[in-house]
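You will see chain A twice below: alongside chain B first, and alongside chain C after that.
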Partner chain A sequence: MKYEPPLEKISVNIRETVLGQGEKSVKIGGENTLPFHSFEGSLPNSAGLALEVLDTQPENWAPSVLEPFEDVVSDPVKWAKKCVEVYGAEMLCLRLLSTDPMGKDRSPEEAAEITKKVTDAVDVPFIVWGTDMEDKDAQVLMQVARVCSGKNLLLGPVVKGNYEKIAKAALEHGHAVVAQASMDANLTKELNIALCKFFPPEKIVVDPTASALGYGLEYTFSIIEEIKQFGLVDKDKMMQMPILCDFGGDCWRTKEAKESREQGILWEAISGITFLLAGANLLVFRHPESLKLIKEMVI
Partner chain B sequence: MILIGEDLNVMTGEISRVIKEREAGPIKECVAGQTKNGMDYLDVNVGPVKKDPQGTMEWIINTVQDVTDLPLSLDTTNPVAMEAGLEVCKKKALINSASGTTESRETMLPLAAKYSTDVVLSVINDAGLPADADERAASIMDSAAFANELGIPNENIWVDPVLLPIGVDQRQVTSYLEFIQMLQDLLPGARSTCGLSNLSYGAPRELKSLLNRTFLIMIGRYGQHSAIVSGFDQELIRLIRGEVPEIVELIYRAMEEEDLDLSALSQKELEYAKTTQVLMGKSLYSHSWLEV
Partner chain C sequence: MALKGAEIMKMLPKTNCKECGYPTCFAFAMKLATGGANLEDCPHLDPQVRAQLEAAMAPPIKLVTIGAGENALAIGEEEVMFRHEKTFFHESGIAILISDKESESDIEKKLKRIKAFDFERIGQKLKIDLLALCFESGDKGKFEALVKKAYETTNFALILICEDTDVLFSAASLCADRKPLVYPITKDNTSAAIPKLKELGVPAGVKGQSIEALTSVTSELKDAGIEDMLLDPGSKNMLEGIRDQTLIRRAALKKGFRPLGYPTIAFPCFMYQDRFKETLAAAALMIKYAGIVVLSQAEAQFLLPLLVHRFNIYSDPRRPMTVEEKAYEIGNPGENSPVLISTNYALDYFIVSAAIEEANIPAYLCIKDTEGLGVMAAWTSGKFNGEAIAEFFEKYAMADKVKHRKLIIPGVAKKLVAELEEELPGWEIILGPLEGSDIPKFLSEEWKA
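What follows is the complex of A and B.
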């Protein structure tokens, strides 16, 4: 008798989300099987890998993560170009750090103007990220949505306290959003339900707030796994969104990363591959070498 | 189903104050209300009573017994207060609660043996709360064997599988369901109880009772003997006393049928069906479970 390996066929898909526009647009998600289970189902899109760009000079960055960008950190447009042209990034994450009300407190108008310039300069898809300040993020991202109308940006983080404002602007101007609920599958579902009352589910990416190795990576792993299982195995429609992990900041804060370039890069790469194994669909990297390592491993 | 009214509880500020000031009126009112609503037992939760445990317990039990003939569930972590209460109880009391921890084995369980009372025995042990149904089984077998050795028969043991809030850990709710179905095979003759309100801790206020009611019907079907509930939740009482049989029937169907046809249901029925599905673990809980 011939041995037939038992296969688990799943009848539903993680939603496919398109980011950006035109030839360089990127698709994430779309799988109908668990991570890397290509023997059981289809994984039509490889994970999205983005490099980070700040809208202002980084402060307190470890020397070895600053080094690749040293000549461009004073200009986000040049920084973005270098990421794409030199480091081959297929997607970028523009972090609007200067809007932080506890820091430079730049206005939504200024932030939107910078975002427009940067996103006009290179044609890859963009994640545009606030500062985790609910109210300010709402003002900033609404303005960004308007000024960059039609660019299909991925705006985030969108949380319980500001999702209505940001998602309405995103809907009106053709962008996607990142729904963020911290390390909790129930709250992830809750926010998705609330969003889906007026927002298309295929334009939502979820962020469980990833913690890198040494910061609670195990918890992140479990939450990502849970979200995927609920979505695919239990067929929960509100849990079938692609998952984003943003963890470069954690990695490069470690003593090990500050002391050694190699350790920092590995720290970031190990965290990233772990999240992919759990089921993440979109990763944000700080160091181009870490991104390259992951790319070599999985793509 | 034996219903134990939970409302006489020191955790509510008002009761705490009147106990301290020995003001009998509000206590009597609370007791009379729950008795009138058809509770079978009343829980008297006095907390750890650090000050004058003996006098406080005697006073409150006598005050309660002035207005009700119902048997009482004595709820304190202080063994001195517990014993003082047992001394003055007119009916066979329920000690609420003991557990498998060393401390509880040394202080609470001997009282249950000495006074031949009933005792709530939770599945908690020195290692904490068991993670699943099998671990609950192992823990309770061990603790019950210890209790039996002290001379407490299974019939006096009211097992508490420990109900956690569904918003905290949905899997613990499903392992509760799994465990309660095993209980009679594990400990023939033993009874069971739980703190029902804990299930909906953290849930939206207006939906708490729906979760509690639905779950109580579900575990009743699996042989649950009793539960500690709000003595003022009229809808729960009506449901559990069989006055709304069509809803009970619907909950049973939602427990069994994989693809229950929701389209034919009224708004109220739909709420019960969705709640049952979420409590069975068929869909992931979120505070807006009724909206999907």
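What follows is the complex of A and C.
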């Protein structure tokens, strides 16, 4: 019996999404093959790797993940600069934690002001993230869209209950959105269909929700892997958006990550490589060292 | 099983003599196709036909066992490319590399650490499976001493790594009853290895510079009657590993290509100097089909993440792990003991019960049946809302168990507070910490009946 490499060609592509503007803009997606399968298809863009920046002092962070940012956590502008200038981040994820109505409840106007300042300070693309409170996120992200008009931010999470408002503002002001439908391929597809009625599909990134190693990864890995295959193998156009996985925060909350620096970095990096294997196109990290490791491994 | 009932039927005697215990040959064929019957039961099969059938019905990836007794590792017989299609069956083995070049005291330390390694998760032991003993010293005596030491002082399954075929088999003969994996068997030493492999009955780690190069060796071994093999396509880094492992599994599963129908072994320890990278490569190659991964070290902070990862990837995605619904009594609680509530997702139960034990404060832990969903997924789907929890309290008569009226709920379930205040009148609802692991601190600082 003679061996012939059993290659499988796929005739469709994941959509390519451009984030940010100018020289530092980042392209994600665009592949016509399964993750890492460059031996049988094309993967034009490597995954986007973003570092987190909070708009407010972090609480209860383990010392080993606080340490890289210790001198800048009180100022999101300095924090963002350090991520880019010292840790070489090519993308950032600004979390507007202070807008949480059950917490500081900062106003949309204030949040948009902060976002403007931070995104003006560095020229890399930004994900701007709310607090998972549907109504408040809608008000905040609409305001951010207006104030940061033309910056091509990636705004999220956009969910079934608030997609119309946020996506309309994003469309008007030239931003992309993260469509979040938790842990269910059908819901992901439904939300994409609803969005695509008025929003350009190439400006949608999906978030099936991610989680940490040992704390739900056994589910999230397989659901994300399945969603990628619906898009590539079953050629479902509404499943061909790039995938975002936001898991760094979940990782560093675990008991195991807090136990030691090395273990924490691996907790995050193993989760990251697992999501890349599932098909993620954009990852959000908390520790610069985990990001660096992944970056060096996948090129 | 590659064959369908109708295809098997064509090869049976078709006399319907019933001696197999089935009313017709057809019924027997259908049963065979689903793995419910045994070819031996038909006494009228032509031996040649039987051999043909056996070969055609064999699983596309052979099950291979390394080691003996309790610590034997069985890998192979996987049925899918992707976990969501069904499940992965046989966990990748984790091997720790020990070189005969390391000093005796280093070896001693390493062995001690490996033996002391003891982690549990969700009631299951997480463990290292094998020691990979590597000949690097050039001194046969040293290598044999290492093999003897590992064989005599531990129960681990063994991998023997040695380019010198004579030394390799002489070491293998020292521990043959432990069924060590002998590695590498290559195109250059196959003919010398065949009689030894047969004599000792040990599995062969076949190495090729490429997938193609592997096939000639495996075919030669198979023709000589040797079928216990592991494949190493010689991948030099993680990306090559993903490619090679994927193509091997695809060839076996989707093309039925027999020369590659064996489990595999991968060597992250030789791919990367950096231990973080080595660990990451091992994690990736566990997802991408490696039957065994060999690591250079055994430090807990590198191994624990990898073991938990393996536990995740090899859990069955079709069946959430659950525990029984019950008002668990942890450490003899009384009428002044705290009452906490969580879900019957096995992970939640194990995290929270361990935390209460660690706090050393006896407590009632209410475990509500949520069909294995964790706190927020269960809340969203109505299995862990105010109403469901009130029912639980009624059913298990929680009000009779304690004098106080305080219920501690998971910190993530903020949205539950108002619901519970309505459904459990008279009870004070206390929002506990976000993390189960912070319960000990919370209880010792905050709990008063």
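Methods note: the second predicted complex is superposed on the first by the 295 of 299 C-alpha atoms of A that agree within 3 Å, B and C clash if a C-alpha of one lies under 4 Å from a C-alpha of the other, contacts with A are read in each partner's own complex, and residues count from 1 in each chain.
Note that in this section a residue touches a chain if its C-beta (ideal position, glycine included) is under 8 Å from a C-beta of that chain, and two chains touch if they have at least 3 such contacts.
Note that the structure is predicted; figures quoted are calculated from it, not measured.
Judged by the touch definition given at the top, the superposed model places A:L187 against chain B, while chain C stays out of reach.
With both structures placed on the common chain, the touch criterion links A:F221 to chain C but leaves chain B unconnected. Once chain A of one complex is fitted onto chain A of the other, the partner contacts of A:F230 are limited to chain B, with no touch recorded for chain C.
Looking at the shared chain after the overlay, A:M238 reaches chain B, while chain C stays out of its contact range. Chain A uses no single residue to touch chain B in one structure and chain C in the other. By the touch criterion given at the top, residues 167, 170, 282-288, 291-292 of chain B touch chain A in their complex. Contact residues of chain A toward chain B in the complex are 185-187, 189-190, 193-194, 197, 230, 234, 236-239. By the touch rule above, chain C contacts chain A in their complex via residues 82-84, 121, 211-212, 215, 219, 238-239, 242-243, 246-247, 250-251, 254-255, 257-260, 276-277, 279-281, 283-284, 287-288, 300-302, 304-306, 308-309, 311-313, 315, 317, 347, 374, 377, 414, 434-437. Only residues 1, 3, 5-6, 8, 36-39, 102, 183, 213-219, 221-223, 225-226, 229, 253-256, 259-260, 262-263, 265-267, 269-270, 273-274, 277, 293-294, 296-298 of chain A touch chain C when the two sit together in their complex.
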